[in-house]
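Taking it in order: structure first as structure tokens, then the write-up.
Here the chain labels run A, B, C and D in written order, and each chain numbers its own residues starting at 1.
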């Protein structure tokens, strides 16, 4: 049984999990770094405990400190959310050894999926299709180069070099011709050693024009392993998803069944427990290949919740408590789309932005869900990931969901910090998004020289008039003073002075 | 085809319809009385037009003025929402005669269902079960009394007298024994004449301990008439629903099919078009009887939308434009509950309250939908219905939906105006609500001497401390000045002065 | 600081002490947050409260409960049955029959208001002189609003 | 009233005229709403805009678009390449090598900031004297913030 859940995370996913605990009648413990002490998630827990330390390593990644807090406040389960410690097998093991329930799969499953070469081998053995390529079993540079050069003739060009410990594009190299191969191997190995302390690199054929389609799986301790359909997350910028949907526009019942079965086999191969995601590349010819498995809840889990009617976090809590999952037969309905609202400058290579959320007014209305950890008056700081919120819409059909998303994005007002709202809005009008012909490289293809906002001179004139009238009338004034040397909290009412007409 | 929809309503339902128009790519015209000029719905339309006149009769009920506005601004369809002109056959007829599409059923269908005795006869002829009782075809008082006294011996006691033109409890009398019958007939007739200008009264057996269960139907102009399952709305105060859910906790697949078929027969009997609701009484023995049909969208339509995944307002727009409905096979999933947030004093016989919405912070999170027409800073006036918002939750199961509703109600902060929030919250803990054993008289039964809030001395002490600290620190101060003699708008920033610490 | 409040008809004295950023009352601790809400520690558990003052009344939201706590002046006679006549429910002033400074006798008709489709007659509850009287016909009043004050 | 703004590098003069509660600019009309938003009439269609000023910049939301419009003083030389050096991206000040009042030569290293895991060196873009300089190591700066000003 589980009675008190410590949430080892922050921001919107901490809010999501803490609310689920509250609704499930469970006590919860939030942990927070000092610079998060006024963050929304801190308020949603039964007890909130401040972490000692300054850096992320000293706070949200400090395993011992987190275990000590769990012990002190009687937490009998730990939910790691995503990111941070969520895919750290050593932490999962330490949690279990401390006699605390780990809300996630076994440490062994995390390890087997965390090492990409081991995952490839495991999947091949389980009969799950993997991308044509070869594992390279050498750590020594010379031997590795030799083996990869030989393998490259079998794999063909263009090809991808991938770090076995990799993730998020690090230690990855695209190789177009044999001339570049040796230098690319050396570069990928160097990067992998620097990022992961593990220089092992392997080789895969590059499948261009493919879709990123992932299958949500759920496995309980009573022997049931099911899939919950797919999410399509092809629309990515800098290897990061920004627009996710379910169902995938090109999915068929037959293909879903095949991919779902492959995902279930993948989960069974590592004795998976809890919620997980098996990522595939889906080619234009309808072939699919295992990419990797994320052994945690995912950022984009709400789209699956909206179309399947299953509360994935509640199921995680149930499964961790040893109960059978509550899901019946898979029943997908309608269409859900999620966009990720980032504090970033989409017109300047998506560089992160910071500033005050002087105005933060999310859209409202039926079929709109906002998962966020911020509110008006908060400051966006460079301390953490710049994702501010996930805006999710559901509607009976894909066309209606896109219409609703357009309306929601138009109504979403964020001022004081640069965001990608307008970028997302224009994305919803692009013909490839409208037709569902999305693939993983589409953003680079559509905007090879970067995106910049399109607007009419009428709307600019109106905006200039608004600025002129606002200035004349002395409307709201926000003085953004933001200094990490301030001892005080980042108080919206210390830093914002407002005047009304 | 429809391109521009005039919404002949106000408040939350106007917001709901206007947003649907916007998402459907339709232009919209809002009409508003002067005292609504700062209301939210006015902002959501493509064009908003102020109505001349002071009273409701001179504004939202002024048929000619509304038709003139429709003509002037090129509206080719009128959506009446609920209340106001929505069930006025003469208005529907005038709209059609003006060459404008009426988003609702035919005037004849409205008339046949609007007169309760005609509706009873029509339903009997169509094979829909009606409550044991008799229509009384006399308008003359003496003859009516004579006929009802005779009929009463066949119907039995306790019985109900109902005005044929009635609704909302007016012209209705419960009669427990023959001694009271004649006086009650006279009273009901008097009230009916005063309220409807029509003194016809009929007689039905009173079915105590029954549930109010209604079936949503949808009929298009291509010959398709379907039902969308039921809503249970038994929890009522002063004959008005406050807590509605779908599915009904005691529903079975077999009973739903029977009631659904009866509702479809009812709709077909009047050649129904669009969205409508057939209300039934469901007795504890599983018998059901036709009560009446509401020939419009209903307040509680969101619970059906949440469990069926069908957007009823979008379907209304589709059907009115002559297109086939887009619904597939009925697929009900999970459980939805709606509560109605009223500005009223639940501890004082639910008397309406007015005041400023000095603080209005709705709950957030997955599975929560708020349909409202107000926002923080608005004034609640006695001009219109005191319903402020509908809070709707959805969850995979009824137990989880109740948990979510409790959390949502606890998180909903409304200050400055008395509301029924706490009453609704306590309702969610009552054993009859938890077990689903609700019936139409339960509020009177649970709180025969009226409801009053229950709280611990600890929480009162905390509240007193909050008041003490707030007073000491000079926290937010709202000076509510509210006067209808003011010429200015009811501006929150004219009437509220705030100080922050 | 000491304050006198009225809650549910009872007069309550509340004394809060401040120690730097924290307020104390017995075991209870309270801090004012940057956004104006109050953070309470009750038996080791943290709760967040909203408060706002409308007229003389503090509206307090805590843990899903709302309390209306009226600030009264310590020592003053604030018994409603004496000095002021309050609106029994929300409504609209139909007629004002007295003016400021006018002497009245207990039982004199002062105002007529309409609420819930009924007329209500507001009569003097004591002999005295009409004090502040700002209402005119057509004004909307809220339940509990002081309609007219009489001083001896 | 006439204002000078800077948008996308261009200087723009905006002159708005007020007539009672309505502001005019050409065919455009604008009213300030009670909650501080602005109601615009553009070609007979009403739009609602939000505005807020952060530092010198008006942030304007209208119809799903956001514009950052900088208020500048008419006639003043506000060319960024002359007087002030701005942060190229959000980041953290690592080192401050000059102080207020100090004379510098174009090309002198003034500040070091860290952004996106890289160090950026901020050098003097002209000869002159360091004006206002409030930053200290550890401070966070936002893209476009003036880091240091140099006057001739």
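The rule we apply is simple: a residue touches a chain if its C-beta (ideal position, glycine included) is under 8 Å from a C-beta of that chain, and two chains touch if they have at least 3 such contacts.
This structure is a prediction, so every number in the text was calculated from the model and none was measured.
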Selected pair, greater C-beta contact count between A-D and A-C: A-D
Taking each chain's C-alpha mean as its centre, the one farthest from subunit D: B
Separation of subunit B from subunit D, taking each centre as the mean of its C-alpha atoms, in whole Å: 51
Inter-centroid spacing, subunit D versus subunit A (mean Cα positions, whole Å): 33
Averaged-CA centre spacing for the pair subunit D and subunit C, given as whole angstrom: 48
Sequence positions of subunit C contacting 2 or more other chains: 36
Junction residues of subunit B, two or more chains touched: 493, 500-501
Complete list of chain pairs which touch one another: A-B, A-C, A-D, B-C, B-D
Partner subunit D, residues of subunit A touching it in the complex: 345, 351-356, 358-359, 361, 381-382, 409-411, 413-416, 418-419, 421-422, 425, 453, 455, 458-473, 475-480, 482-485, 500-501
Of subunit C, residues touching subunit A in the complex: 33-36, 45-46, 48
Residues on subunit D engaged by subunit A in the complex (per definition of touch): 1, 3, 5, 7, 12, 14-16, 18, 23, 25-26, 28, 30, 32, 36, 38, 40, 42-43, 47, 49-55, 58-69, 71, 89-92, 115-116, 136, 138-140, 142-143
Of subunit B, residues touching subunit D in the complex: 38, 43, 46-48, 377, 489, 491-494
Interfacial residue positions of subunit B with respect to subunit A in the complex: 15-16, 19, 22-25, 302, 305, 309-311, 314, 326, 331, 333-334, 364-367, 369-372, 395-397, 400, 403-404, 407, 493, 500-501
